[in-house]
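After this come two complexes, each holding subunit A, first together with subunit B and then together with subunit C.
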Partner chain A sequence: MSTVVNIVIYGIIMGGVYGLISMGLTLQYGVGKILNVSHGEFLMLSAMTSCVLVKAGVHPLLTFVICLPAAFIVGFILNMTLYRWLRNFSKDEATFESNAMLMSFGLYFILANIGLKIWGTLSKSYQFYSYPVKILGATIIVNRLIGLGIAIVFIIAFFIFLNKTRLGKAIRATSQSTTAAAMMGVRINKTMAICFGTGGLLAAAAGILIGMSFSPTAQIGLTNTVIALIVVVLGGMGSIPGAVLGGLLIGLVGQAVSFFDTSLVTVAYYLMIIILLLIRPKGLLGR
Partner chain B sequence: MAMLEINNINCFYGNVQALWDVSMNVGEGEIVALLGANGAGKTTLLNTVTGLVKPASGHVSFMGKSLDGVPVHSIMEMGIAYLPEGGRTFPDMSIRENLEMGAYPRSMWKTRKAGIDRMFELFPRLKERSKQMASTLSGGEKQMLAMARGLMSNPKLCLFDELSYGLAPIMVTEVFRIVQSLREDGITVLLVEQNVKQSMEIADRAYVLENGHIALEGPCCDLMDNSYVKKAYLGL
Partner chain C sequence: MKWSGLKKEFQYIIVAIIVIFFAFVPLFGSTYAITLSSTIMMYIVMASCWNMFSGPAGYISLASGAFVGLGFYASGFLSTRFPLPVLMLAGGLASLVLAVIIGSITLRLRGVYFTIFTFCLVELVKAVMTWYEIMVVRKRGLNVRNFGPNAAFYAMLVMVVIALAVVVIVRKTRFGMALTGIGESEDAAAHIGINTTAYKVSGFAVTAFMMGTVGAVRATMLNHIDPTSAFNMMFSFLPVLMCVFGGMNTFLGPIIGAIVFAALQYNLITKIPQIYMIIFGAIMILSILFMPTGIVGVYERVRKAIENRKIQKVGGHL
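Coming up: the complex of A and B.
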């Protein structure tokens, strides 16, 4: 019984983190048609930076105020420069899409190596509410519950932002018809840059949560990009609720399978994807 | 000077010329029809007005101001509503949200509620479905939503691209009736259509575009008697 509770609670906790990363990835693809392979590097850089800051005496929660705006600005500027140039050079949308993925591969190499150069392969960690509590017989470390709480706050805030604010509506409109949104007066370039920056911000938030509960290294970027890709394909490309649902599913399945055999987790993910794509080629909530 | 002036537009897609020295104008308060078969270049001409397509040469001006090089996102704030072919409503947004997007510019955003109420009066069908996603609407309802969204910004000029295309005859009549009613609100209309007969019935003047050339122009009452128009477009 306590094992099941343990799996479920840890599954939800990981699901929250995966949901955050994947919302960012799906936003960048849905609005800007950029499949951002460097997404996980934003997470890695933020996780490591936040650990360094905490070691230097900064409160863990305060690192959000530092890492998130930084990630947003880097994403915004990258989009306004590199990706915008690429968009202007590409003869059509399909060409841009493949070029943009290649460019994000380049950024992945650059960012990942910056991380390796600074931190090598050593892991970082700090103590923050790292004592256990009992919930329904299961033993859960408190900082993971705090992390889940923060992830939920971010997810809800992001939904409110998209559905209730003027900018959020412009973002949704742009993802549904770029041309029509432009006709309504939406500045497309700026909106796309905001989305790319916001994607980076969400990855950075997930990175801080990982630093809070685990011991990140400079090598965790690509792993997380791959997980986010799996989640996004599962949930439906471009669907924000799909990213949250997919994240939750991958979190739960990951925990359940790793209870039996950790080495089978990735196999389970891909099996899920294959089965789902056979039944619903557009993903759980995709259109 | 006319409200909308289009002068000597030449436009290419790659090496293929789509518009040949096209000139036309729309006067304030008029309903002008731009007619022509599929592929004649009607949409291309509208796109050069709204900045979606850059012409190789020629000029467009609106109320005395040049539109050359003005980006598409600035057109609406200048007082032009463009309804592209097929409406292009936002499928995964509710009807209310679609209408809100019609008042997106900051100067209009605050008064969007009043605008939506006004549109619900003009299009009662939309009011009943205000919470529904646009993707669940029928073709005719989508077209009405697109019109209402365009009218949210209180435009001085409406550019309608093939409003009636693909609609059931009853809806076509309804949509044309609404276009006609815009005249009473002082809105000028450029109506792009393949539906020659019904367009000529409500328009003051018409231009006929053939293979990128203006083939004919004049008051609709004259064109309707023109033997070429009768034969080629009215099937008489």
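Coming up: the complex of A and C.
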């Protein structure tokens, strides 16, 4: 019984983190049509930076104030320069989509290797509420519960931002039709850059949560990109609730499978996707 | 696939010169030169074959790492009992089967699904292989018999010739036209009676076969393989980078890209292991931004500009 509770709670915790990462990726794809393969590198850089900052004496929760704006600004600038130029050069949407993906590979090379250059392959970690607590017979480490709480706060805040604010409305309009939104007076380039920046911000938030509870290395970027891509396909490309649902599902399945055999987790993810693509190619909540 | 500004025969001659040059390397070159040119030839095969499918059809495949890795393991399992051609065939067939399975699931769908799926495929095969080694054989990695540098070298040379021949044949037949048609407009292609899924899957499978064979040869150059070295994401990324740099959808582009980047990587990988990848990334971004048609496209533009100037001069005299 306690094992089941353990799996479920850890699954939900991982699901929250995966949901955060995937929301960023799906936002970048849904609005800007950029499949950002370097997404996980934002997460890696933020996780490592937060660990370094905490070692230097900054409170773990304060690193959010430092890493998130930094990630947002980097994403904003990248979109305002590279991707905007690319959009102007490309002759149609399909060309832009494939070229933007290739460009994000270039970014992946650069960001991943900057991380490796600075931190090497050693892992970093710090102690923050790292004592266990008993819930329904299961042993859970407190910092993971704090991480889950923060993830939920971010997800809810993001939904409010998207559904209640004027900017959120502009983002939703742009994702439905770029041309129509532009005609209605939405500033397309700025909106897209904000989306890309917000995507980076969400990845950075997930990165700090990972740094808080696990020991990240400079190589975790690609693994998390793969997970985020799987979650996004599972939930439906461009669907934000789909990303949260998919993240939760992947988190639960991942924990359940790793209870039996850790090395089969990827296989389980992949099987889920294959079955889903055969039954419902648009994803769980895809339009 | 465009033939760019250069005459078709002229391009064949350039390629023939490159191949003949490589053929003489073992006679005069050092061991270093032989290993370097084997590596370059492997990337020529990979980039050209990647370009054969993904260039015209527009479906960007990132599964090259998985196919090369399968080739590695085909070699690893069979190298003690069988000669090199059998290993190559086994590696190729294993990749072909995987490509047909993956292709028939994902290539029915349009858009980015194919890319995402192939991107994750490398991680999947790596996970399966790691699981197999930990749980079943309980031994990490495999030793591969080395057939000597010359055997691997000539096997690569043969593969280059075969791959380039396949690329030209595919281009000239119905098959290549169908792939181009799919890339231009998939709906229109389906409308005039092309079975788009069948063409896409078979194109992908041919690419996979070639990558499996070169993977099998590559493994014999390394002596020892494990899942991390076999299912390496770099094998997926580098062909894309080479094609973007040289010129997608051209005949010479991938060959130029392969020679440049394989030589660069070979020389820099030990000296500045992380920085050279940063440089590669920057080159990739700059190529996409400023020369979307690659080196070959730049050449074409320069040639046209010179021609226009000549015409203007002649016009001035009249």
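Keep in mind that, in the parts below, the second predicted complex is superposed on the first by the 287 of 287 C-alpha atoms of A that agree within 3 Å, B and C clash if a C-alpha of one lies under 4 Å from a C-alpha of the other, contacts with A are read in each partner's own complex, and residues count from 1 in each chain.
What we mean here is this: contacts are C-beta pairs under 8 Å (C-beta built on N, C-alpha and C of every residue); 3 or more make two chains touch, one makes a residue touch a chain.
Fair warning: this is a prediction, and the values are worked out from it, not measured in the lab.
Judged by the touch definition given at the top, the superposed model places A:Leu252 against neither subunit B nor subunit C.
In the superposition on chain A, contact of A:Leu86 is made with subunit C only, not with subunit B.
Taking subunit A as the reference chain, the count of touched residues is higher for C when subunit B and subunit C are set side by side. By the touch criterion defined above, A:Val8 reaches neither subunit B nor subunit C. Judged by the touch definition given at the top, the superposed model places A:Phe109 against subunit C, while subunit B stays out of reach. By the touch criterion defined above, A:Met183 reaches subunit B but does not reach subunit C. In the superposition on chain A, A:Ala94 contacts subunit C only, with no contact to subunit B. On the side of subunit B, the complex with subunit A involves touching residues 50, 52, 71-77, 82, 84, 88-93, 97, 100-102, 104-105, 109, 149.
Chain contact summary for the complex, subunit C toward subunit A: residues 58, 60, 105-106, 108-109, 111-113, 115-117, 119-120, 123-124, 127-128, 130-131, 134-135, 233, 237, 240-241, 244, 274-275, 277-278, 280-285, 288-289, 292.
Every residue of subunit A that touches subunit B in the complex is listed here, in rising order: 166, 169-170, 172-173, 176-177, 179-188, 287. Residues 29, 35, 37, 82, 85-86, 89, 94, 97-99, 101-103, 105-110, 112-114, 116-117, 222-223, 226, 229-230, 232-233, 237, 261, 263-267, 269-270, 273-274, 277-278, 281 of subunit A are the ones that touch subunit C when the two sit in their complex.
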